[in-house]
Amino acid sequence: MTTISLTTDFGLQDWYVGTMKGVIQRIAPGATVIDISHGVRQGDIRQGAFMISQALPWFPSDAVHVGVVDPGVGSSRRAVVIETDGPVLVGPDNGLFTQALRTLTVRGVWSIANIDWISPEVSSTFHGRDIFAPAAARIAGGAHPSEAGPELTGLQSLELPEPERHGKAVLARVLHVDHFGNLITSMETRLFPAESLSDLAPELPWGTGMRPEYAGIKSCYHDIPDGQFGLIAGSTGYWELAMNCCPLAGFCHQAPDQPLPFRP
Amino acid sequence: MTTISLTTDFGLQDWYVGTMKGVIQRIAPGATVIDISHGVRQGDIRQGAFMISQALPWFPSDAVHVGVVDPGVGSSRRAVVIETDGPVLVGPDNGLFTQALRTLTVRGVWSIANIDWISPEVSSTFHGRDIFAPAAARIAGGAHPSEAGPELTGLQSLELPEPERHGKAVLARVLHVDHFGNLITSMETRLFPAESLSDLAPELPWGTGMRPEYAGIKSCYHDIPDGQFGLIAGSTGYWELAMNCCPLAGFCHQAPDQPLPFRP
Amino acid sequence: MTTISLTTDFGLQDWYVGTMKGVIQRIAPGATVIDISHGVRQGDIRQGAFMISQALPWFPSDAVHVGVVDPGVGSSRRAVVIETDGPVLVGPDNGLFTQALRTLTVRGVWSIANIDWISPEVSSTFHGRDIFAPAAARIAGGAHPSEAGPELTGLQSLELPEPERHGKAVLARVLHVDHFGNLITSMETRLFPAESLSDLAPELPWGTGMRPEYAGIKSCYHDIPDGQFGLIAGSTGYWELAMNCCPLAGFCHQAPDQPLPFRP
């Protein structure tokens, strides 16, 4: 009963995700397939990497996680299987597993080259269907990652800027804007205790409309006064800026990866 | 092979729903998880309650239904398990199960407090992951709802205005605007037979563009003349206003919970 | 462990798809249900037919495929089960399986009329829940398609115009605009070898903004120069027009089924 997760930028409008699941079902009919997200912005490897890293710790530790945010599909970028002390990761070698790998130990990396593992005719545009889904299904069915192909070294990884302290100020970034319009910052709650942020206020690039007032650190959404926004210790392990029942992102031009200064 | 359903306002863009499924898979690997909807409007308990009540009768009677439309997450609102003569319901105590409970008999209500049932570190923003998903998985795995924590009384419930008759007129509401732009009214077909509505016409808040003509009661979408709209006995058990292959909601400013008068 | 796939125009906002899955779970609890897409445009049978035909070959050959793009629901159009030499197809008789059936041999077609196979009260608006899901679940549970009801002949099918050659020019169509803004053309790569297209350029109905330059035939998205668009042998078996990491569809008014000329 192995679990396979899928994270892609394919969206749910087309048949792409369903086709990957059909392929998995043919090869590993007992597997449970769970969607993490197919809403990664087109080609945004950094956003995909964040999403995968957020979901992974909550899955069975022997799961197989497939990530396909792959602007280099069909080019010379490598297709890899990564064995760790926990889950197995399957996807393009483009940094998509950077954050997930921070809390895992890599045991081996293999290129996916075994012709029994991939589609007889590999397209140049849909390796999710032709390479990654069948490889994940093989592993879910009991094959060892080393059967995928030749062993590799030197995984690609993303550079992820850490928040910088300038005197009392902190220069953070927005990691993610979620469905609720909350801005997830790059400040980890374990590295930035509440005391270190209580005298600071964020500088947001407001739009021309209403400009909500900053209410400071609050313990839950419900405690943020109506029409204001607060800083919350999010479920992600990072501080997030949020309004109560209203999307903060709708009031400002804040986008992922943009600088987000907190100043006295 | 217990079934767990999920209804939330989380959307499908983020990793939130997938993470709940990962948690369930760890605790109850044999469970079948089915999404009812993750498209409830942000914090709209009433819409979530309607969606849950519409889907529930079609599920296995021993299913566990998780609802997370929870603007009070992290505040003092209670997290509950509700045992009924049919399914078990899991979610915040904010009225989200009001309509579903109308056709069920409650056998007991328990607070979710057992530390073995919840995440070791409960966040203040994502009880779907930290409390509701693991509690549902415990129940799907065979635990009795009473093991969740102390028994409770006095469930919250929503006030849901019934249609009012004023002489021959009926003052109804829009319960839901669906993907097809159909307006589902608050008039149940069993309480409002076709004869009682055949001499009435709805008053819609039209926009500035085309104003479709009312074709009266029709037996199916196909029978509504092109460019007109009709009243149909919907699959929901309520009368709905619809056009044939064209979203009626696009022509008017009708929103859920707005008054919808039918007059002679 | 039979697989049931679902393709509809229901969207994922409402409870419609989840309810179909609840019905299936009650009747065939061991079945694996996979969504192909619920993003077919409202009532667009042709788009649904294309999506189904794209996904089908990748599923287990004994799967049951349910398609519900059904503007005629509740009218006299027939509800059918189609047995083939591969999968079983379940849906309205409106041409939705036209393209999928091109590579299958039909063994028999039956009307869904058996009252044990359908909901006790069949609505006139939601046969996905009341007829198609329960029929598919019966078949997944081992029933033979012929138990559905009387045998039928004369399936409806769509007329799908083939690309026309006019001298050296080819008059194709857009079959589909996908999530990435790629335009999938009606030219099959096996019928139109690269040589036959290398001296031609597509005429797109550009908008008023930037007009990307045509880069000719490229082997993958990555090889298309930034700001240009290319012609790629797509994973669909058809040629597609695409930009690299940027939605081509955003620059032109090209819509499905529109003519797409390629001229010298």
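Chains: A, B and C, in written order; residue numbering restarts at 1 for each.
Note that in this section contacts are C-beta pairs under 8 Å (C-beta built on N, C-alpha and C of every residue); 3 or more make two chains touch, one makes a residue touch a chain.
Here the structure is a predicted model, which means the values were calculated and not measured.
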Practice task
Could you report, rounded to a multiple of 5°, the rotation needed to superpose chain B's C-alpha atoms on chain C?
Solution key: 120
Practice task
Quick one: compare the interface residues of chain A with those of chain B and tell me same or different, with half as the dividing line.
Solution key: different
Practice task
Would you mind pulling out the distance in Å between where the CA atoms of chain A average out and where those of chain B do?
Solution key: 30
Handout entry: Numbers and ranges of chain A residues touching at least 2 other chains
Key = 12
Practice task
Can you check the complex and tell me which residues of chain C touch chain A?
Solution key: 1, 3, 5, 7, 12, 32, 34-39, 51-52, 54-55, 58-60, 63, 176, 178-180, 219-223, 232-235, 240, 244-245, 247
Handout entry: Touching residues (chain side chain B, partner chain A) in the complex
Key = 10-19, 21-23, 25-26, 29-30, 42-43, 71-75, 77, 123-126, 129-130
